[in-house]
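Two complexes are shown next, each including subunit A; its partner changes from subunit B in the first to subunit C in the second.
On to the complex of A and B.
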């Protein structure tokens, strides 16, 4: 009888929902983690960052080390400018174009010097960071969220470039170039899509 | 009704009451639009046999040609296809799209049947031209409203997987009777292309 009573009580308890905020949709995770998650949930920014990391990482360990320092810094600076600016435009087309360029370079197996790779890290990291800053501002986020985003940028660039630098087997290089072609193709289609839908 | 029966009945009622609390359609942590974008993109290239045959045939022919065509063709195809898709999205017309799509299956099927070994300088542009037709057809059909990047990613990944499937089938080349099997498959692609060509003119 006691078991049955427990079962009924349990069912009754389950039948009485109260606001749980279980998934933090309402409360959020706090500005830092909101910023970190923002990047993970924004495919264009994430794919662009992954493409940048793949390209610079494929240029060798020296370029990879520069990437880990320069890309997050560029992202932080450009993101801060966007966060506190009054720019009211989307740079999604520019980011799609960046994806085409970076993916194309990876697909072609392009080799550059660490200096050129560092410039690429600064330029593309800055472009992606600027767009990310605009998105954060639109979401009402502040500089703490930007720091959260930059922390994920650091983690992603570190993990991907380390992976690319450490695997030198021919088969892995082929996979890398295939991934580059996929990134470029994704950028091309996105570019057409954004242009067709009238966004700028 | 014994006491035990009553206990079991109450227990069953409690369990049932708990079960009905489980929601059927949750989609709790994903944005509906985004997820439909990715899976719509993933399913688009496999929505028609004219596309499926050609994309598998690219992988098959690449496998027959061997390295470096084996991996260069699947790198070149998605980029050209996306370029075609972009043209289609922007409303830039491309003539004879359906004929080009059918011709891609016919030509690639013929190459597989005859074990045609073209140089990369010819094979890459040829495959890219075919890809342009396929991409343009997809681009003009793309459904608005879904997430552009996720849709594009799904679309490109599905294309790549079809090439990989073709390359995987091409691995039977080293087996006894493998070449015969591949020729038969090439014949199937050729016949399929002919069917689609007739359909394009009908």
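On to the complex of A and C.
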């Protein structure tokens, strides 16, 4: 009963239509919230992070713990490098590819060892963090905004991986696989979008 | 030692080091918002007040963040003429522009005001217009629709929506109120006690919010803020008492203490509402909507904290012992810092 209520609330939150805003970091609430809001308003980064959390969370509590520790740290390090370096390369294609890969793994119900899950958390967390750092730099944000972003990464990975670990029913596993296929489809659509617009 | 056991030991060590780095990151993140300010809610603000028939005083305040002014320009109706040059004041945290305008056509109602550049930000603008005959309009302009068409009367729905949003923003940006709620959550020891305590806090601050907003009582801002900070420091001491296995009146009856300090925090919420003002025609509705907004924000905070706590338990984290004390130290240290900071202002 409680779980179904959580499910309904989650579905309602995901379906709630909200106006989309430009991704400039200027909320009027200080740089920490600017960074936190930036991630919440960047669907590609958020979907990528959700896919990573779903995949690693589906490997069990041990892998989930590693994800919650490693992904925010990787995001912070890679984000700091992007924020303070002069690298201009966009990782959009790589991130779209990551989404296809992670989504595919979830949809296939792939099982790995905690060590592989930890590597996945570090690599994909780093890639997403680097892209996020580039976006923050383009928006003129500083390290406090990056900390705000990492705080959201921490909360999202913790909540999603715990959710996946706690639900073991067959029906939820089906839902998980469907979500994985959606993530993969989103990655493919992003690929198409990037190719069509000539971005790299 | 076998190779597998050796690997397991190394893995556990790595896990512990990573966990400590992670906890440090959490502490930095947790300390970040208060490091900015105790009250950071700073949307742009436009106030237009009719001072004589067809003459209006305009106040346009935009926040300055990290030295960068908000890139938004105010565009008044075309017919509006300045009666004198605008006066611009640059403050530490905002830019304030004052001017007096006249409208040959008379009324502002039905006219459109644009906020050029707002769509490229994620900042809201709070607009408040008042006429000589007592009519008032208060509305929030969002970046998705960076203009407002002024109506001389707001629908009940518009008033409710505007003030509910204001209430949510006020509590979520009021770190001192949130920290107090967090402190209460640490000292209560059962779900029933938590519900009772949060309800007592809600009832208490609703009472003083109404009393203060309706003008029956008022408390000067400086001592009020110092007292609110002291309430947080007080909870920090109680948390330490709880760790030591001691007991106290607060630990036995947290809801009574929540009620007592809730009365104080209600005056703080009222200061947020009186800054914006209430529409004279819909005072009860606006007050109720603001209070509902505060409750929604407060409940959302409590739910998020509970969810994160539950998630940590599900993932079976075994963090170092000192991390259990971190939230308590955060409450106590910030409470002490704010108490000293705000008390110094009094002298």
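The working rule: the second predicted complex is superposed on the first by the 173 of 200 C-alpha atoms of A that agree within 3 Å, B and C clash if a C-alpha of one lies under 4 Å from a C-alpha of the other, contacts with A are read in each partner's own complex, and residues count from 1 in each chain.
Please note the rule applied: a contact is a pair of C-beta atoms (placed from the backbone, for glycine too) under 8 Å apart; a residue touches a chain by one contact, two chains touch by 3 or more.
None of these values were measured; they are calculated from a predicted model.
In the superposed pair of complexes, A:104 makes contact with subunit B only, with no contact to subunit C. Touch criterion met: A:177 reaches subunit B, while subunit C stays clear of it. By the touch criterion defined above, A:161 lies against subunit C but remains apart from subunit B after alignment on the C-alpha atoms of chain A. By the document's definition of touching, of the two partners only subunit B reaches A:43; subunit C does not. Touch criterion met: A:194 reaches subunit B, while subunit C stays clear of it. Only residues 15, 18-19, 21-22, 25-26, 28-29, 32-33, 36-37, 40-44, 63, 65-66, 68, 70-71, 119-124, 142-145, 173, 304, 307-308, 310-312, 314-317 of subunit C touch subunit A when the two sit together in their complex. Only residues 19-22, 24, 26-34, 37, 41, 61, 64-66, 68-70, 72-73, 76, 140, 142, 144, 147-148, 150-151, 154-155, 158-159, 161-163, 165-166 of subunit A touch subunit C when the two sit together in their complex. Residues 1, 3-5, 7-8, 10-12, 14-15, 23, 43-44, 47, 104, 107, 174, 177-178, 180-182, 184-197 of subunit A are the ones touching subunit B in the complex.
Within the complex formed with subunit A, the residues of subunit B that make contact are 3, 6-8, 10-11, 13-15, 17-18, 21, 28-29, 34, 71, 74-76, 78-79, 81-83, 85-91, 139, 142, 144, 147-153, 155-157, 159-160.
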